[in-house]
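Each chain carries a letter (A, B and C) given by its place in the written order, and its residues are counted from 1.
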Amino acid sequence: MKSLTEYLTYNVKGRRGFVNISSDVRKLVLKSKVQEGLCLVNAMHITASVFINDNESGLHHDYEKWLESLAPHEPVDQYEHNNTGEDNADAHLKRQIMGREVVIAITDGKLDFGPWEQIFYGEFDGQRPKRVLVKIIGE
Amino acid sequence: MKSLTEYLTYNVKGRRGFVNISSDVRKLVLKSKVQEGLCLVNAMHITASVFINDNESGLHHDYEKWLESLAPHEPVDQYEHNNTGEDNADAHLKRQIMGREVVIAITDGKLDFGPWEQIFYGEFDGQRPKRVLVKIIGE
Amino acid sequence: MKSLTEYLTYNVKGRRGFVNISSDVRKLVLKSKVQEGLCLVNAMHITASVFINDNESGLHHDYEKWLESLAPHEPVDQYEHNNTGEDNADAHLKRQIMGREVVIAITDGKLDFGPWEQIFYGEFDGQRPKRVLVKIIGE
């Protein structure tokens, strides 16, 4: 069994944003030399997500608006978590909707994707460097 | 390490619907001859889900109604994504609630399931054939 | 390839609650002797979740309140599923938000976690023993 472990770092300038990390992950699949296996990609921070969806800026705008409606940032005192001195309770909620991780099949040495699948890092409490773990196992 | 890769195709007649795909996945577990391992099942389209829950028609009705309340299809012009000429922005949102994929343990050559676990394909923008990937690795 | 399969049982006294199961899972990773691999942790019941987030009681209170607002338990007759004689339709909905499972990398014989990641069992229809599956594969 082969395996590869790598840590990617992203620093989103604003509080929230989406970053297409597909090409970063593809490079690691090549580096792993795994032909048949599984690729786990997960946020290592609990106010961020890794998810697979469309690379379309209008949709990302819709996600932002929708997540704000389901788990609004303000007023920050509506959340008990923010009594700890933080203001990011909403980010912990948004991350549950969008998910922590994706697991992707590797077939013939490549990510086995449908036509529109792209991997995104979703940041909900940004303005600092945060890490994404890529773990690949297989043969 | 053994591995198996298969693509299942589903064509849901309406815009939305749930299909029990448990028996299709079980056949592939047998075919793989894997005794101990992991089985990844994921939608290859970004307006569909694969999830595990109850095979109960009332619950599926509740999911439909609930997802429509959280991310309504209409009015279609409430979503920026639909300015691209599509009308399926809501499907991209619904899929995030229900999830892209499941990872299931294989133990003694079988899906290691609790008493009520069943695998469903969730379609949110149907009326055309769409694919589900099954990837099995193990020994 | 090494593998380990174990079943953990949790009995939450109230209808809903969160249990930190990180140390239970860590013991199984040690027991497996896997140095590089993947660890799947999933609820075997469809009214419960396994998820990764912060070990902070204020946040757990926020999750409880938020999930109740998105999928309220009462009135129970708002859900068709409850016509079966059950009253737990809301639990099936809440579990989709929080997720069924997590997949965690094992690196150098340990769960490869960010600084704040902790594993929780989320119960949405408790007062009885329910199982969580831990499956570890790797080398």
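Following the convention adopted for this analysis, a residue touches a chain if its C-beta (ideal position, glycine included) is under 8 Å from a C-beta of that chain, and two chains touch if they have at least 3 such contacts.
Note that this is a predicted model, so its numbers are computed, not measured.
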Report task. Trace the shortest sequence of touching chains from chain B to chain C and report its length in steps. Result -> 1
Report summary line: Cα superposition of chain A onto its copy chain C, rotation angle rounded to the nearest 5 degrees, comes out at 120
Report summary line: Averaging C-alpha coordinates per chain, one finds the centres of chain A and chain B separated by a number of Å equal to 20
Query - Multi-chain contact residues (two or more partners), chain A - result: 1, 38, 70, 97, 99, 103, 137
Report summary line: Seen from chain C, its contact residues with chain A in the complex are 1, 36-38, 51-54, 56, 58-59, 61-63, 66, 70, 97-99, 102-105, 107, 112-117, 137-139
Query raised in the report: Can you list the residues on chain B that touch chain A in the complex?
Result: 1, 3, 5, 38, 40, 42-46, 70-71, 79-84, 89, 92-93, 95-97, 99-101, 103, 131, 133, 135, 137
